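In this document, chain identifiers A, B, C and D correspond to the written order of the chains, with residue numbering beginning at 1 in each.
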Amino acid sequence: MNSLAEKINKMLVAKDSQDSLTQVNVKGCVIGGEQIVVIAGPCAIESEDWLKETAFKVRGAGAAMLRGGAFKPRTSPYSFQGLGEEGLITLAKIGEAMNMPVITEVMDSEDIPVVSEYSDILQVGARNMHNFSLLKKLGQIDKPVLLKRGMAATVEEWLLAAEYILAGGNNQVVLCERGTRSAEKWTRNTLDLSAAALAKELTHLPVIVDPSHGTGVRSLVAPMAKAAIAAGADGLIVEVHPHPERALSDGEQSLTPRQFSILMREIEPIGKVMGRRVR
Amino acid sequence: MNSLAEKINKMLVAKDSQDSLTQVNVKGCVIGGEQIVVIAGPCAIESEDWLKETAFKVRGAGAAMLRGGAFKPRTSPYSFQGLGEEGLITLAKIGEAMNMPVITEVMDSEDIPVVSEYSDILQVGARNMHNFSLLKKLGQIDKPVLLKRGMAATVEEWLLAAEYILAGGNNQVVLCERGTRSAEKWTRNTLDLSAAALAKELTHLPVIVDPSHGTGVRSLVAPMAKAAIAAGADGLIVEVHPHPERALSDGEQSLTPRQFSILMREIEPIGKVMGRRVR
Amino acid sequence: MNSLAEKINKMLVAKDSQDSLTQVNVKGCVIGGEQIVVIAGPCAIESEDWLKETAFKVRGAGAAMLRGGAFKPRTSPYSFQGLGEEGLITLAKIGEAMNMPVITEVMDSEDIPVVSEYSDILQVGARNMHNFSLLKKLGQIDKPVLLKRGMAATVEEWLLAAEYILAGGNNQVVLCERGTRSAEKWTRNTLDLSAAALAKELTHLPVIVDPSHGTGVRSLVAPMAKAAIAAGADGLIVEVHPHPERALSDGEQSLTPRQFSILMREIEPIGKVMGRRVR
Amino acid sequence: MNSLAEKINKMLVAKDSQDSLTQVNVKGCVIGGEQIVVIAGPCAIESEDWLKETAFKVRGAGAAMLRGGAFKPRTSPYSFQGLGEEGLITLAKIGEAMNMPVITEVMDSEDIPVVSEYSDILQVGARNMHNFSLLKKLGQIDKPVLLKRGMAATVEEWLLAAEYILAGGNNQVVLCERGTRSAEKWTRNTLDLSAAALAKELTHLPVIVDPSHGTGVRSLVAPMAKAAIAAGADGLIVEVHPHPERALSDGEQSLTPRQFSILMREIEPIGKVMGRRVR
């Protein structure tokens, strides 16, 4: 383990490589500061009405940022692939109207310009954590990046993926633990909170946790969200859908706006114990 | 997932099979009640002096129960195998003197009588979770059992292992999540707090978490302990050694008594948020 | 990797610790010699008639040894647990009548005497590979042992488990790869033939492969059996049942006697290429 | 398992969706026909001299195609990243001179044109198996594609990734099993030959195996290569380097030309048993 620590210590992501911890400013919303930043919204942008309804409600409950997928990485070519640029336009419009920064996924280096135009921070999904061409190009843009851990990536590989972006000159990187693949059948993934704690210990980057993909089970989102904050996470990204049973993807793990509102109330006192505020 | 839930619902461990949650009374110390029960002590019992020193200090810091291995499941036949019955005698003696219930592992059905004589609760280790002969015999004794999840066991298999004990007539069972095997190299295991949350959701049994084996890394014990409590765990089992650098096993993951004392102070306010007391 | 090799090289299982490779003689049937030894039979002994029918047919097809479970390690306490001693008596009787050595599993150290009385070689199942009490006691008996690899055990741990038996004085040990747990949903386990090849490279012990449990899928048994022999395995253990659709356990992966007979014809020429005979 | 089979059966990759098995013609070299196609060469193209030396020797030993990486997916941004287009030019030149079709990896959809210009078949690496943007674009080109299985991908996900290419109109797809991530420390990956056998059973596409990345250990390449052919694989892709100890990447798993030549002689009789010729 010592040799791993030594390796990380020579990297740009290493905690000791900077005098202070990195704070990532997403259009005024600071990740890695005093506030625990909660990002909420649907898995995929499906309609303007539903997105507006969701945004209105999650903002009311205390969400700091709005999520929504326009380019969707789907296992099957026959599944709903997202609305593409049309979805981006909708997302940006609602974010503007609600005064919330927005986040969406970029799946291909060719799409960096269009996603950058509409999104305030670019998400690299778990399936692209090892897409080194994409990472290199994201190192050269002037927008923050949220980097999800690959579903079978080690912590070292995850930090090296972030290093690709920092080495390119962009140090506005947020790490996101979203669960790893395992043999467990009950949950969709196995959320590895020790990876989040380790990333906090080793690097100067903010670290958030995705309890929705991390478990794939609605009833586990709240306990894992609370656990993530107790483990030291700087934020959460949570799937919320006004009508989960009709969602085109990930309905099983999406909270209703009402459930999200309860979640926000539950994490607030845990945040306070950790010296953080949620709103 | 529905079929899994249906299968569990027909079992004796199912939450709905009882009117109330099970509380396991270990010589006056109740697991599954208002108190978050913290069990502490060395991986292996090495000497009476060190065990006494540890017990004195962890009790002072708020530990409710004393742990220590006498029969040790070691990967190599050439590693220290534990002191056997001599260790059990020492453990019982110190527990008595300190007025702390004690816990130790039983590795073989033949050893049930001797371990039962000295230990207040019998631990089944991860490597024996699938030792069905042992489980059946533990179903017939009149002592509580702490059942660790196997290192590659699914939650369903873990609950079925508990079912073996309940089916035999012994419902004094505590479940313990201790990390699952993964490809991660930094940590010894990947602690799966969602399994603990799931076990709390599905069963009436108390669930505790072992952040020491669950991570294998000293610096991760405190964040994972806090996370476990925020996820709803009823207790913790933590390795504490007065001289970790000289420990015959698991030194890398053992806290010093001083570090343990800090940990206890840190988990107290998280416990309070969860409506629990730590002492 | 070098440090792993060095560690193994100091062990009793190490290839260099002996002048020649170990041959395990099971009542005249030699595992690790010129012959590729094929062990066949049902998962569990269900009735004398079915076992006799199976034995007659697999012997005719070239099987050298008869398998059948009497003590069954079942995930659920409510599944068929095997016929116990009654099953052992049946197995021994049929083996005698057919002039075939027999193999069955021992699940608990207390059962070593009774299983030794009826079985010509004792099998340690994957779930008990880390049952060190059992391994130690098997080191003291005068019967060969077949040691299956644990479902999440590393090769090093598997060889150390064998070392427990050798260190006790019993070097009549056969290693058996039977598949490891993975996230794959199509197969029951992921058969790791590189582990078998590695065990052949590092140790002097014979190594056989279980393509039935290793895949859990009938149509994959034959390709994996052929692959195992091409990878250097000394034998196979295959589940055969006269009426798989009515089997009390593992019907999905059992071959019919006719399918087994085809398998034997298919592996023969692969064996010949490897300088081995199948009968 | 039945529902998985049903799902696959509706896909373009399904065996029953065509009257005959797909043969992929790479500049005259047919994968999926009578010949077992062996692709050999260095991990990365380092110098023209070394590549020429390797090509000359592997062709002499019976290799049908030449491999060599120009764009290298490296975990660390500070590792050798490949020679890029300069490497492609070298590869094409040597392939031309030796009259061998060549294969190299494409890492990004933007690079498809340049890689297509020089390479006779485009390789998608394990880290990009879930790069759906890349897969979609490869569905629209007129070149064959070799699709490696992702390191934690299920067989279903692998076949769905191939389906992305077929759905785009390109059915010249070769599947390649290259090992999955596991907790095993001795090998770099766990080669899953049952996945290769399953892909052969379920689809009409040719399937080859990479025993070099699949094990990461030189001594295991030959046994796994033989096993792959016995399991029904249509070919192999093997790393060969004239001076493995000086290789810029993957030296530990590369064969010398002499070792490769021995390998070719060893697989020939296994191929014959399977009704195939190696040259």
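By our rule, a contact is a pair of C-beta atoms (placed from the backbone, for glycine too) under 8 Å apart; a residue touches a chain by one contact, two chains touch by 3 or more.
Given the structure is predicted, the values throughout are model-derived calculations rather than measurements.
With steps allowed only between chains in touch, the distance from chain A over to chain C comes to 1. Interface comparison, B-D against B-C: more C-beta pairs in contact at B-C. Of all residue numbers used where chain C meets chain D, over half belong to both copies. The two sides are thus made of the same residues. Most remote from chain A, judged by the distance between CA-atom centroids, is C. With centres set at the average Cα position, the gap from chain B to chain C is 34 Å. Chain centres here are Cα averages; for chain B and chain D they lie 47 Å apart. Counting only residues that touch two or more partner chains, chain C has 152, 156, 181-183.
Across the interface of their complex, chain D is touched by residues 71, 73-78, 107-111, 127-128, 130-134, 136, 151-152, 156-157, 160, 163-164, 167, 181 of chain A. Interface residues of chain A, counted against chain B in their complex, comprise 1, 4, 152, 154-156, 180, 182-187, 190-195, 197-198, 200-201, 214-215, 217, 219-220, 223-224, 226-232, 252, 269-270, 273.
Residues of chain B that touch chain D in their complex: 181-183.
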